[in-house]
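In the two complexes that follow, chain A is the common piece, with chain B as its partner first and chain C second.
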Partner chain A sequence: MSEPKIKPEIMRMSWGPQHPMSGQTRVLLDVDGEKVHKIIADLGFTHRGIEKILENRTLLGGIIPVDRMAMVDSANISIGYVTAADKAYGLEVPERANWIRSLVCEMSRINSHLYAFGLQAEATGYFPAVFLWTTVDREILLDLFEELTGARWSFNFFLPGGVHKDLPEGFKENVIKGVQYLRRRFKDYWAAIVENYMFEIRCNNVAILEPKDALRLGATGPSLRGSGIDIDMRKDEPYAAYGDLDWEVITEDACDVMARTKVRFHEIGQSLNMMEQIAKEIPEGPIKVRFSPFMRAPEGEYYTRVETGRGELGIHMFTDGTTNPCRVKINPPSLRNMYVFERLAELNEMTVADIPVVINSIDPWYLDSDR
Partner chain B sequence: MVNTLTTMRTLSMVNLGLTVADIPALILEFLTLNSKPIMQVLLMPGLAFILGFAIIAVWFERKFLARAMLRVGPYYCGGRSGVLQVFADFIKLFLKEMIFPDSVDWFFFALMPVMLSTIPSLALVLIPFDANWVLWDIGGLSLPMFLAIMGIAPLMAIFAGWSSNNKYSFIGAWRVAYMYISGEIPIIICSAAVAIMAGSFNLVKIVEAQSNGWFFIPQFLGFIIFFLGVLIQAERTPFDIPVAEVELVFGWRTEFSGILFGFTMMAEYVMFQAWTLLFITLYLGGYGGPILFGNIVGSHIFWLLAKFVVLIVFIILLRTVFPRPKIEQMIKFGWNYLTPLALLNLFIVLGLKLWGIY
Partner chain C sequence: MSKNNINDFISSVQKTLAEEIESVEQTNDNYVSMVVKPDSFVKVAEMLRDKFGYVIPVAAGGVDYPDENRMQMIYYLVNPKTRFTLTYRVNVSRDDPRLPTLTTVWDGMSFHEREAYEMFGIDFEGHENLVPLLLPPTWKGGYPLRKDFKGEGVE
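== the complex of A and B ==
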């Protein structure tokens, strides 16, 4: 990356990739003392060429690399690809399979938001205790994943035209038990951390993203809904079973870091409600349609949008009548939000201490943005 | 003074025709004559106390915080309790290569961590463990001397960070300076209030003035402010802003490696220890307490250590529950609240003194 010349009184420091909090990216900061004048996000450290890999795989085999785009949120990412594959094959997904897909997606979303919340607490300066508490709570979800799909991480559970397995015996009761436990935990987190005075002074009125700027810069996910705009793909273009479930889109009007944190928190509540509803009301029926892995998809172009934990994921798939897609373009949410993060320094006054808090309020996942 | 004169006389006897065979006897005489200061240097406010505290506190902090984080903590070194882990880490740090980056000012870079861990420990010699157990008894100058010695430490941290020639260290070093100007002044004003109430700058007299009631009752405001000041000066959570890990890797200590890093860690605990002991001396009755088993010196040392342990556990507990404020919020807090309230506390004390209530 070329580095343009800077004024002598401004120091350019590199926040990452060798940094305890940065993750697999580099953020260049132009600082004058503590004040940050400019942010340059240098992405691409973990580029794996997933789009190219997908061209060399069948539509079914493509689920595996897509699943690894964001490990913590793999179900929500892969459902975008699977929905596109459904469209390409022209398969009608049974209702029960759709409900199971929604269940796994919501569990994955809680998983992702829990991780984001733990990092957010650590970025404000909590000793890593909170991060480890959320990690321990995640075990509940991972156990449920293991029981249902056979894997704790990167379960390639969705198939074009359905899901791999039906709910095992006693799974519904375990889901309800887990939901009750997590509700109790989130009540504690809310009282102990989100309403902590020190947490509030770190998060309130930091990195304000006005609604018009959020739309103009293309923010998505909790970053957009934290600015008071109710765009959620699950409501706007319902996929899986979201059209049949009772839930609402969460928005906050404060537009700051705290608003984004609260959006995530309330979304976890909505996801828990949905999990409970699915466990209680899931319809009977088949879970997949007959489907051959070497089926040829007819020539065509398909675009699906799904709501992942980090925002809207777009999959643009071109098929040319062979077993493989001839091009898959992935529009990941983290990439869009990283552009917003760069611009936030121009819209607000920010200091070095704000950088970890703000970047975690955006909640980027660099493996996802680099593809 | 008498001891020193005796020693000088003893040594001059060597020139008066004594043989080599007399040397062990002379050493023995020297040791018996100076047994108390030697014990003080080696044991109580001295080497064993400082090193022992650093070792036990590091171990306790790691183990205790691990429990708070639902982990086990040090486990394999020295049985399941992991007591020997600190020694193992120390040996590792001692044997590791010291990395001097090309661009550092190596003189200050090598000197400052050593100075930083030794100079604050000089302040410990002023703390009274008993009226007769003060290593360096300078009477009415002891409180100002303590504050003067501790005032040097942040300056050395600034030098250490600046000489590292690292961007994180540089920002961390200036954060130390900001912390210093917002935390030191309330502490000095509060100490002045205590000195006025006790009628002396002598730490022994301050402790003796508290024999009827500890000063934290009439000066509750000062007690709270001084406590926050201790957290600020010792860089303890929630005020560990200069080494904020998620922002500045490790602040002004980023470039240190090997035993130099060990010295900076040591410095942190020595400062922590010195400030906490001063806090106890000023507000919590110092070494005062009921006499146990008729042993006056022993029970005084015991009471000081008991208060010290309780306070240390409380301060370490704070690490689990508080996030860290920003440096500008910290400065605002120091100048808008701590300093005016410390002055208010001073005026309250003057009023109490003037009307003869206290």
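== the complex of A and C ==
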């Protein structure tokens, strides 16, 4: 990291990676008193070279490192890779498998948004208990994951051409019970936190991202939809079963931290509706197609885009007729949003105390931005 | 993005930019790949942004073809009106990989060009802050995503 000369009245301070709200990254702040003039993100603390690792694995073996790109949202990340592998092998995924994929993805999205919301409440400094509440509520989802896939985290559940297992007996009823419980909890969260005066003064009119800047800087996911632009890959390019489900894209026009928080909040509501619909209407049928792990993908290139909890993920897979892909380019959402975060200080007046609130409203996940 | 729109886009590109591009084709499903001649790299990028509406910078990255002694730099762009992805490509020589930066056209490409710089060794002329993004500042192990990278000598 080069450190250019700075003016004498401006101090450069390091925020993270040991700061409780920063996660595995370091952010350099140029501050004049309380005011932040410039943000410089120093990424790469968790760089593992996943793109290189994937070149040395079979298409099937690649699911495991990809799944670890974002632990809290692993289903949404791995579905991008698996959809690209489906295309590379030319596999037709059965309808029931697509519905199960959507179910797991929506559960993963709620898990991810709940985590983000808990951190957001904690970052404001007034609601440290909320992170514990959301953690307890995430248990409902983790139990469902365990029942379905056998693992609570990082479950490698998707296969090219389908999913590993069918829904176990009684699973649909458990999903509906979980949905009803979470709906009740969200009413509490809304009243206790989102409409709380203390939360509002920390979040309203902070870090405004105008729609034109959001597009120009490449914001994605809730950061983009919080600026009123309704781009969502599930609608624009339906994968899995999203074309058959009833739901709508959530946008907010306020463009500030509160708008991004509300987008996540309403998206949880949409995801709960989808979970309920899937549990009630899932079609019968096979859950995977016959597939050999050492199958060779024909030479070509395949690009897929999916919507993760943090935004659009692109997987560009190049195959050369062997069992391994010859290059996999991963376009992660958090890298794009981190750049937006870096530039927000130029677009807004911001103080050091705002930094945790703002970085959590962007919701970066460094394991996925660093790969 | 419907098939018609893709065909319209391809034919309009073939008409207006025939001199500047090497090829434009539909790769799979909904994506168009466009390979541009290195001389008109920035000019066509500006046209894509202003005339064809590709204002969202998604990502950029390289692909290494050691047998053909070239690398390909790929920029992923999205048009917010049609929601349609374009991969904008340019070939560079492996011996002296140099390109003018596209951060002047799409601000959000900054991080992605820094990543391509450290991973493939492509030098982006005119980039304001071309320093490694993910690798440690003391890295001396070569360019990790090139095909001839063996991981030897890395501390």
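Everything below uses one rule, namely that the second predicted complex is superposed on the first by the 370 of 371 C-alpha atoms of A that agree within 3 Å, B and C clash if a C-alpha of one lies under 4 Å from a C-alpha of the other, contacts with A are read in each partner's own complex, and residues count from 1 in each chain.
The rule is simple: a residue touches a chain if its C-beta (ideal position, glycine included) is under 8 Å from a C-beta of that chain, and two chains touch if they have at least 3 such contacts.
Here the structure is a predicted model, which is why all the values come from computation and not from measurement.
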item: Chain B versus chain C as contact partner of A:351, first or second or both or neither; value: first
item: Partner chain in contact with A:201 - chain B first, chain C second, else both or neither; value: first
item: Partner chain in contact with A:312 - chain B first, chain C second, else both or neither; value: second
item: Partner chain(s) touched by A:121 [first = chain B, second = chain C, both, neither]; value: first
item: Which of chain B and chain C A:129 touches, first, second, both or neither; value: first
item: Chain B and chain C contact sites that coincide on chain A, given as residue numbers; value: none
item: Residue ranges of chain B touching chain A (in the complex, touch as defined); value: 65, 68-71, 167-168, 170-171, 174, 237-238, 240-241, 244-249, 319-320, 322-329
item: Touch list for chain A against partner chain C, complex; value: 1-2, 43-44, 47, 49, 51-52, 87, 215-218, 220, 229, 231, 236-237, 300-303, 305, 312, 314, 316, 318, 327, 329, 331, 335-336, 338-340, 343, 370-371
item: Residues of chain A defined as touching chain B within the complex; value: 11, 13-14, 19-21, 31, 33-34, 121-129, 132-133, 136, 196, 198-199, 201-202, 351-356
item: Chain C - residues contacting chain A, complex; value: 1, 27-31, 55-59, 61, 63-64, 74, 76, 78, 80, 83, 85, 87, 106-112, 129, 131-137, 144-145, 149
